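Two complexes follow with subunit A in common, the first pairing it with subunit B and the second with subunit C.
Coming up: the complex of A and B.
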């Protein structure tokens, strides 16, 4: 009884102090992800990236042990992410916040990162503004404008297309994709014939695809969230004869992820996508990463979430090495700025001004290689920055 | 413009038929047995996973995978019905709703555990892929197949419920359990069979839906809303009602998205409200 009372008092009074004491041996990383709900798969793949990095590199850095504390947001809810971030900082005494598959999660947690001065490693959330919300936020994934502005320019200059139709999912990332592709495309000289937005949980695309067909574009640009929709929209396009080479299909890489390719079959051939990670890219580092990932995850291939988590952990490890184990937000974010390394996706770095990622943008086309469909790289555009930072 | 209208009608009807196959089983159990089974979508998901697994792991052809999905969902549902659901037949509606929605959560977790969180692609045989060109119109082959399946199911159900002995027993058991029992009808068994039939149809619908809408552990939740709308609009217990309701909603959804994409995704709900205002029991509802 006395013990319980004493424990309760100690907990109430000395919470921060006891945490600081234990933190001398361990570095606690609070990972906030949608482990359950409709985005569970994203969290699952991202988490597998984190685990793989730790399995390969051990859990000791700069004389300290890395401890991961996982929290489930259940979906794109900023208030839950904010509460979890607060709990992690106040109750669990974490030194670093990480994860964030979805933009709303990152936005919710950014306030806490700013207030508590904790390094925040954004491992996926791909809206530009995310890193502007906290001076301690660093991103290791990608931004949608980074990919699609570049892609829009490429479509006119190299893709040989002068007019196009855009069809995007009606939510934040979709709007970003639409505006940045259109911006790149029209700045280069192209013309957007029309643009439609599909509901985020759209079960059937036939109506929208028919609208695209009516305006008879040279190319259609698609952005849909990963999961079941890519295959559905791909098939709907081909069913209506909107297929390469007559009509080019442009999209962000989600459209041709391995499961979608399997489901679409030969109809996927010729689809051109833009992405920052290409599973089949011929590179020893990537081959090693893919092999190890497949082995650890029942032959499941890594995707953009996996690589975001993997590189995010790399950033945390390297930053800790640089600071010699100092876990203060200021020291860590200074260490992260300008950091550059070879990732399985190619050379990447952290822009010292925006704390956002700078990386190669790949333009790929679906082709048959050794009897299976793959995203074959057509062009590499190196050292692309997010075009929106500092733009307004 | 006329050509487009035909295509929109065709696509809408095909989508409606998919909704019909997914929801008719619920209409049967809900209307005939007065049991609110929100776990209906979970049986659909089970059918989808069974079909995908049978095709991938066991090499079943697609046409054999469909009845396998039906049987698997029917069998599993009988086990659940015998052990769990039957306890709730006399319970209040809230108990039924809470219990069955809980079951959907359990099924989502179980599917995640067994199959992982990823999408499960289905690879159709070549003859179901692509499209048929008539004049300047292109009709998707799989959509034609869906419509044919839905029509066949409707015919079988209407015939089975209205013209066969089993159908007569089901209707008798529903109308008045005590009298039916007095006449020597084993009401318990009839309910089990009806439940299995409804869930089996959900399983079949789930297997058919994978190609169009994909399959992951949240399937049971995703289509619950559509399924409930179809049942509400069609009227409880009416196969014809579900058919007409599903066709209307499918066409309304696709046509709305085509002609007025800005509000297209709300149209299905507006239709629901409008129809229920005029006919609170649904188009063909009797009780």
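Coming up: the complex of A and C.
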């Protein structure tokens, strides 16, 4: 048995070599995303970002053709993501792994990236630890602590709030948001009056909001998943009389993204959010990006997923140019370290030590501009790094 | 009962005949070795098919043989998966075989406790209870994120080489050898169970639960026994998935997983162990092929296939094939 296994391994290695030999002219990028299931919309937005970048910049880099191979994980399933990554490497002979909308899937695939020594471009998954799992992982999206730790500090120092209440959805990203906002806020000198967690699916916010009101905070920090929840919590807050300017409402940007603003209506006015991408930001690069994106996607506006995919492709293109087409993981990750460029979201760079993104954090407030609600930038905090790297 | 004058079949002989190995079965298990030689780049998929097949067998034992309709069996799959994962990540014990046995034992123990509830309800209530238990376990794991890692999944799993010799490699040679061996052993156990007098009693319960006490068969105890065994096998499948992929996340406990395994069973054919294996094979292969062609809409085709199978082959693909074979013979 062992003999035949070794025979098979030899055969397989041989196959692998021939595959590598024929793959000289193209650079294969394996994109792993949850194209079906509950996160399909996020995957499609991210994929649209990838497509837009390739449509604008052609598919040829450093004399090689970029070929994208798309694989569906069907939801948050790390085992499937891991298997797909492994198959992409051994069967399709990809040079770069990319995509990864969800943290567990990125964690599942990171091990393959490490073992096969392939560059892994994380285009969304927002938990700090992701880039620590493989020395070949680079992130082009955002981390939750990056936004919310900064926001917590800002809330005390600039927002003029001394005590606050947190109300977050009861799942991984919500827990991260709660702890990083609280950390930033209390380190600056603020006091957290209380913390509550709401169910992820179909919560009734009224009881939670009543509890918040009973403790009479100056501000309430909210983190809920997108979709129908922003409108529901906005209504619950107004019903209980918790609204700006009496009580400040803080949140991460999902709460007031364009579709959510539409459904929240006037109740959204005055909400202050933290985000790394602001659709309405007045900047020629951004205007061009938004216009092209809307045209390619039936007037749908880009969101954080789109920008993550778009910048991820930029990183792959630029890294390949730098290495002159060398696709080895070591060369590419070296090329990516310290890379800096102008993105539609503003100036961004890759931290050479953590391979994580460094970018401007925007503090925005919902205001009425020309008859429609918009996130108006109050303050830009430049060159923010993830505060958790190296912390544990 | 060596009665030659009546046409009644001697039950012991009948059971013996049922449990004889046919050439087709031997060919099937030999075919399971083919990926090693012909599809070495598909070994990880083959390994996950073997895991799904073992899980489907565990559900077939209760759904196909004992008639317990369940929509929450991922609960035991997940308990096995987390047990194997926690053993390595929190307790630092990465030895695969003992880890797998502990995972199975843990799931079996929970299954035994739950079985007291399961045997008291039937039909729609049974579906609701299994569904509810599945959802409760999922939420419990989500709430205990300090232990399970919550939605991010459990990190730090490091499985040692099997027998200290065979490392889990990138290609999946070790993974598939390991899962296939466990699947085969699990299948042998299940085959022994269904071809025993105990297995016959289970079928009796499925056909008519009221008559069983009348002929002196303690149906509740039988149901509890098979439910516990099934839970343990599901736990083994979960443990295998964790050990071969080094990851475990809430998804292993999800309703989707419970539903998918029932879909696999219905596709393959319930109440026949090979139906479970075939269903898992067809489901995962079709999914792999279709999601390669069109990553967004592959579930549409699974749905269509399910409807076609249910409409034209009510006993599943295997049932349909058997009928076809019978027709050509007659």
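We adopt the following convention: the second predicted complex is superposed on the first by the 376 of 392 C-alpha atoms of A that agree within 3 Å, B and C clash if a C-alpha of one lies under 4 Å from a C-alpha of the other, contacts with A are read in each partner's own complex, and residues count from 1 in each chain.
By definition in this document, contacts are C-beta pairs under 8 Å (C-beta built on N, C-alpha and C of every residue); 3 or more make two chains touch, one makes a residue touch a chain.
Every value quoted in this text rests on a predicted model; they were computed, and no experiment measured them.
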For this session: Using the overlay on subunit A, decide if subunit B and subunit C clash or can fit next to each other.
Result: fit
Exercise. First (subunit B), second (subunit C), both or neither: which does A:89 touch?
Worked result: second
Exercise. In the superposed arrangement, does A:260 touch subunit B (first), subunit C (second), both or neither?
Worked result: first
Exercise. In the superposed arrangement, which partner chain does A:240 touch: subunit B (first), subunit C (second), both, or neither?
Worked result: first
Exercise. What is the contact status of A:26 with respect to subunit B (first) and subunit C (second): first, second, both, or neither?
Worked result: neither
Exercise. Under the superposition described above, what is the C-alpha centre angle at subunit A formed with subunit B and subunit C, rounded in steps of 10 degrees?
Worked result: 60
Exercise. Looking at the overlay, what does A:104 touch: subunit B (first), subunit C (second), both, or neither?
Worked result: second
For this session: Look at A:40 in the shared chain and tell me whether it touches subunit B only, subunit C only, both, or neither; answer first, second, both or neither.
Result: both
Exercise. Between subunit B (first) and subunit C (second), which does A:349 come into contact with in this model arrangement: first, second, both, or neither?
Worked result: neither
For this session: Minimum C-alpha distance between subunit B and subunit C after superposition, to be given in whole Å.
Result: 5
Seminar exercise, completed: Both subunit B and subunit C touch subunit A at residues 37, 40, 44, 170
Problem set entry | Residue numbers on subunit A that touch subunit B, as the complex places them | 37-38, 40-41, 43-44, 170, 196-199, 201-204, 206-208, 210-211, 214, 227-229, 231-232, 235, 238-241, 259-260, 262-263, 265, 267, 298, 300
Exercise. Inside the complex, what are the residues of subunit A that reach subunit C?
Worked result: 4-5, 8-9, 11-12, 15, 33, 35-37, 40, 44, 70-72, 74-80, 82-83, 86-87, 89-91, 103-104, 107-108, 111-112, 115-116, 127, 129, 133, 170-173, 175, 200
Problem set entry | subunit A contact footprint on subunit B (complex, rising order) | 4, 7-8, 11-12, 14-15, 18, 112, 116-123, 129-131, 138, 140, 143, 211-218, 222-223, 226, 253-258, 261, 264-265
Problem set entry | In the complex, subunit C residues that touch subunit A | 36-37, 40-42, 44-45, 48, 142-143, 145, 150-153, 155, 170-173, 177, 241, 245-252, 254, 256, 287, 291-292, 295-299
